Amino acid sequence: IRTGMSEVIYCPGKSVDQTAQIALRLYERTGRVLATRAAPEQFDAVRALIPSAVFHTLARLISVGEFPAPKNPDRYVAVLTAGTADTPVGEEAALTLEWQGTRVERLYDVGVAGLHRLLDQLPIVQGADALVVAAGMEGALVSVVAGLVSRPVVAVPTSVGYGAAFGGVAALLTMLNSCAGGVAVVNIDNGFGAACYAHRIVNV
Amino acid sequence: IRTGMSEVIYCPGKSVDQTAQIALRLYERTGRVLATRAAPEQFDAVRALIPSAVFHTLARLISVGEFPAPKNPDRYVAVLTAGTADTPVGEEAALTLEWQGTRVERLYDVGVAGLHRLLDQLPIVQGADALVVAAGMEGALVSVVAGLVSRPVVAVPTSVGYGAAFGGVAALLTMLNSCAGGVAVVNIDNGFGAACYAHRIVNV
Amino acid sequence: IRTGMSEVIYCPGKSVDQTAQIALRLYERTGRVLATRAAPEQFDAVRALIPSAVFHTLARLISVGEFPAPKNPDRYVAVLTAGTADTPVGEEAALTLEWQGTRVERLYDVGVAGLHRLLDQLPIVQGADALVVAAGMEGALVSVVAGLVSRPVVAVPTSVGYGAAFGGVAALLTMLNSCAGGVAVVNIDNGFGAACYAHRIVNV
Amino acid sequence: IRTGMSEVIYCPGKSVDQTAQIALRLYERTGRVLATRAAPEQFDAVRALIPSAVFHTLARLISVGEFPAPKNPDRYVAVLTAGTADTPVGEEAALTLEWQGTRVERLYDVGVAGLHRLLDQLPIVQGADALVVAAGMEGALVSVVAGLVSRPVVAVPTSVGYGAAFGGVAALLTMLNSCAGGVAVVNIDNGFGAACYAHRIVNV
Amino acid sequence: IRTGMSEVIYCPGKSVDQTAQIALRLYERTGRVLATRAAPEQFDAVRALIPSAVFHTLARLISVGEFPAPKNPDRYVAVLTAGTADTPVGEEAALTLEWQGTRVERLYDVGVAGLHRLLDQLPIVQGADALVVAAGMEGALVSVVAGLVSRPVVAVPTSVGYGAAFGGVAALLTMLNSCAGGVAVVNIDNGFGAACYAHRIVNV
Amino acid sequence: IRTGMSEVIYCPGKSVDQTAQIALRLYERTGRVLATRAAPEQFDAVRALIPSAVFHTLARLISVGEFPAPKNPDRYVAVLTAGTADTPVGEEAALTLEWQGTRVERLYDVGVAGLHRLLDQLPIVQGADALVVAAGMEGALVSVVAGLVSRPVVAVPTSVGYGAAFGGVAALLTMLNSCAGGVAVVNIDNGFGAACYAHRIVNV
Amino acid sequence: IRTGMSEVIYCPGKSVDQTAQIALRLYERTGRVLATRAAPEQFDAVRALIPSAVFHTLARLISVGEFPAPKNPDRYVAVLTAGTADTPVGEEAALTLEWQGTRVERLYDVGVAGLHRLLDQLPIVQGADALVVAAGMEGALVSVVAGLVSRPVVAVPTSVGYGAAFGGVAALLTMLNSCAGGVAVVNIDNGFGAACYAHRIVNV
Amino acid sequence: IRTGMSEVIYCPGKSVDQTAQIALRLYERTGRVLATRAAPEQFDAVRALIPSAVFHTLARLISVGEFPAPKNPDRYVAVLTAGTADTPVGEEAALTLEWQGTRVERLYDVGVAGLHRLLDQLPIVQGADALVVAAGMEGALVSVVAGLVSRPVVAVPTSVGYGAAFGGVAALLTMLNSCAGGVAVVNIDNGFGAACYAHRIVNV
């Protein structure tokens, strides 16, 4: 297997039945299942076939099987979010990392409107081997964080906001233009992709 | 006169001759001239008619007549820029304010990629009665500054940047979405307009 | 507390339960609550926990506690709207201002299609210390108002309109390009932000 | 001939030679020539072949032959512009109308930033049989004028402005969304097309 | 009354009650009501108060009172649509014209994919005093019609289509760029506005 | 060789020297050269090395070697353009087809503003085995042509136009939305690509 | 009949009744019906009137009458899709082709993330007389396929994806810019149009 | 020093003199200079002050001082480009990496139009510790490469292309939507930023 992560189910656009059947087949072959962007009804269908399935509500993830202990407890990915509304994307990233055996430190709700909250946690920020930063609206947190660290930042624009946020486009542009360096960007709301990317970085 | 600022010449699209004639007429009527976005040739033509004309190269401003002493030296507008390329917009704002008799404190090149440069100047930032913040690329400086002050921030996106900066649109969206509150935005590169606005605020 | 306004609940994306719990906590700590963009069900949940809660239907605001008398009755913010459909944004701004102790004069439905309605109220318009102008569709009211006053105008584009209104983008661009000067712009439908900004201006 | 106007030369993208040859052929067949968006060099080439050719610098038009007296002197089209930079578009429209034998009244530089200039001319505005209104930046003049008259307004967005004017798009959207009614819009900077349209209206 | 049409109710965003109350007030004052973009429930509420109200389903119009006989039966506006899905916009325009006492000829479903349907009706097309042309998708009908007539065409882009139709933007751009001349454009789906404009043209 | 067309030089972004050297190498290997979007100086450099080189000014093509007689004279591609400004794109397509040995019939300047010019040539249009249709501005010619034929139409939007033509985007959208069926679209101004595609169709 | 395909019902925007009535009329006249983008309720209504109607769930097609045997079994169109979510568009294309008597080979879920799946099927890909390639998200499959074949590729962007996929725009741009040559593009999700186009190609 | 890379001069917008002075100061302090996006005249000015300065024409870089031997010769970053026009961006990335002491393997002109060129180099591609992939037009190379490796891909959209390439936006969207996973994106043409990012990855 190329990436060690390819067998993950992306739930949107799949019927409740399809989701459950794909999960069952995966479970029978590998003993583990991870499904992203799951709706509660999709979870119910999966649990009917696989009673040990767990629903991570905030992250909208279904998992079957253990989250392994970190392979390398000295290395961790810091997952930061700007506001409470960014938590689902942050948790999608954090749990995906832990599912892959990568240690995570969460720093949520540390947006730049209250800079001290971020600066109070500087050691955790600067000690990370890679960082996932999820932010919506204007996404300025990414630039500030990237200015504080020397490790790669994986930026995730979120669709949080209204009006001129344009469903995440404002945050996306902010992150692509980050003048701080050390920033690369994934698709809007793609916490899963950011986690896979950060996992590849820390397991170089 | 409604705003005290209406008699300002906007140079783009005016011929060298037109610019000089308009300046002369204004000079004869009021003894003072301010012209914005002036090209060097436009300045040459003005100086040929009005020898006391001064060219503020960086700000691309022509002035004739004194910059008055601040009417109220206790109040000042802080003009901040993120990077050196934002200086022309910052200077357009700063000189326009001083031309109107408003005291200015300049804090240039304090972008979020090096946060300490901003935090080192916190007393000046927090002591201002209004702030003009000019930034291009991702424009994150606005959100950070707005999170540190309780006074109104006039945000000026600049066309600095390339690619996904889209000529100032990325910075514009950042500023419109600023989650910090206390931010209102003027047109891209409109240092002049930001100055007029800040002047109205501090002269309430 | 930096701005005196930071403890306001933004309801969208929060569950009915979350909203009520956050409101309760805020109420117990400060005795006052303001929540914006509230749905009726969110209000029901809040009132179940805090019986004195009030729902301002038009403005979609929940408040608990008194609206204070104006601190400075000589100064007021004029809140103007162009059409009836802009009323919710106008009321969000007006009540937010009053909640902060700033006097408000409302001038609703004075769009430029019937210019006389605006000109009939010229003394109130020109007597204001700051103005909040909310308009959708083409947003021309802002330019006209800004041409009549010498005080700062806080422009709020609204998402009112259809087709080429593009959810408020047409009005946003109009306001950013206002040739009248003295205009700064907040995000689409952001009556709350406009109010906070105007409050800062008049309490300089 | 269907419209009486089809034999007009659009100069951009034509070489100096092509322009002159096409003009000569037209002249030999009809004794009259009108060419729009002409560069000075194109005019020089035309005049070399047709000495009676005239260059209308501001309007960027070349004409050969008489401008006829108005066929119907009681009817006129009012051509309004918002700012001095809109004059070329206004003149393109005005001269095209006069070339077709339609009487024109010009009201230039009557933008909404100084509303009184427009209101001072109300009788001319309200007496027109059709109106061409050219405006750039935010284009608000169209809505105000349309609110004052009961005759059709042909709106021409101009590319005047910078930043979020987006080369005329902001004005275009303003005009398409005009809440005043009685407005229809032609392409950005299309003074010629607006004139043809207004001519068709008054010659119903 | 300036336009004779200002007393028309625009239903979207109004509650069932509001709509009925506004209609009643209008009815009591003028004896006539026209309401556009009405939902069936809004009609039910109106009819409960005004039993003589009529619902024009296809056009989504509510009317109370007579449609007058054409004031000038020699003059008519041709209303053309490209496809069946454009009928609601076409009918909104046609009935609005008839409500104002202007004669209408309808030519529906004459899109350019079957050019003969249009060419078969050439006398009606070319005999009209003004034309309203509604088309979605690529909107090419406007250019073809404008090439066949010497009277003004009021173009209405519709939101019919999918994908790269972008909710009417493709048709809007087509119409603004019409190389045929004699075209001016109103907002997407704005059959009402097109009718008011055409009415002004034929009643010059 | 997969397509028989891969050895074509795309000139933009190549220096005069690079262009000439690449042409020479190609000439020495195959005895033939085709270069697209060539500037006059690039042609001069090529002719200095290959005296038999020919410059097709209108099409901006450089060729070395014979244009072969059509392989199948019974089959032809009709190349249509809407206006004179579309000729360069039309010629790029036509010559590229002839270079590949495909017979071409040219129908230029048959835009929908003068429909009769197109209808006069109906037999040539309807006799073609494939059609390339190049049009700028609103691009309506494609829909009309596609409604008249039962063979595939390769649509080429051109960047001809101004204002809301947006450099070819308006024509591109028109063509993608063509309600006539039988239309597929290539990139803006891509006459070369359209020719290759049409060549593949007729040589099935 | 010009195209042999014009009598196809496009269901969106038609009521259940309208759909059934149009289908019945078509059935009575021709004995065959094809309806695209049908909702289950629309199918129910059709089957109530025409019991032999069949619903192709995945393709969202209703058919009445036989799918003919391929007229020319030696020629086939390969229909490729990138991911499972693109299957509806692929099936719309494949069944439309078969309905017209064109042989189809399906290659589904061969996106570039697992290149070997595509390369494993190279003989089928390279043996096709035309190819329909449907892909969403970044749509890269089109470029890869076009690089492998010498026959025309009809590219269909799909609206599959989220965030910066912008409802199919990202895939549309990818396909329009395909550097591989031999690609022409239809509207987003337009499997039906792609099939008609490919049918025209192979039946040249 | 935080990143070891902060002392790099970005030349655009700096005068020839400014560039040379900044370079000199940097040289005197550190003995080394790297300047990006340099124009030939800027290089001349630098060399006048620092005779040992070298101009890397293709990469538009000025360097003073040695490129160090790779710190870790076992690890390398593969830099891939799709076409010759992408070489400047590729070289900017490659030289920036080598300047920082990271080993680079270059694979240029391996775009998906000729897939075999990429597949022929599979061992180098799959042996890399990180990859920088620069591509313009449709940018499909990124998705194909990411599907072949298990290491992080830093994607750089380039502004190569025309028409619907929109100056790099098409490639940017492609890369953000890459369905292959393991991709993160930097700004259009930002080879420098991609190099810094890849350097951080391999030096974890």
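Just so it is clear, A, B, C, D, E, F, G and H label the chains in written order, and each chain counts residues from 1 on its own.
One rule holds for everything that comes next: a residue touches a chain if its C-beta (ideal position, glycine included) is under 8 Å from a C-beta of that chain, and two chains touch if they have at least 3 such contacts.
Note that the coordinates shown come from a computational prediction; the quantities given were computed from them, not determined experimentally.
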* **Minimum number of chain-to-chain contact steps, subunit A to subunit E** => 2
* Could you tell me which of D-E, C-D or A-C has an interface matching A-B, in the sense that over half of the contact pairs are shared by residue number? => C-D
* Structure fact -> Rounded to the nearest Å, the gap between Cα centres of subunit E and subunit G is 35
* Asked: With chain centres defined as C-alpha means, what is the inter-centre distance between subunit G and subunit H in Å?
  -> 41
* Just curious, how far off is subunit G from subunit D if you go by their C-alpha centres, in Å? -> 48
* Structure fact -> Contacts with two or more other chains occur in subunit C at residues 163-165, 169, 172, 176-177, 181, 187
* To do: Give the pairs of chains that touch; include all such pairs.
  => A-B, A-C, A-G, A-H, B-C, B-D, B-H, C-D, C-E, D-E, D-F, E-F, E-G, F-G, F-H, G-H
* Asked: What residues of subunit B sit close enough to touch subunit C in their complex?
  -> 2-6, 129-130, 149-152, 154-155, 172, 176-177, 181-187, 193-194, 196-197, 200-202, 204
* Structure fact -> Counting only contacts in the complex, subunit E reaches subunit G at residues 85, 160, 162-165
* Structure fact -> subunit B residues touching subunit D in their complex are 12-13, 157, 159, 167-169, 172, 187-190
* Residues of subunit D that touch subunit C when the two form their complex -> 82-83, 111-115, 137-140, 142-144, 146-148, 161, 163-166, 169-171, 173-181
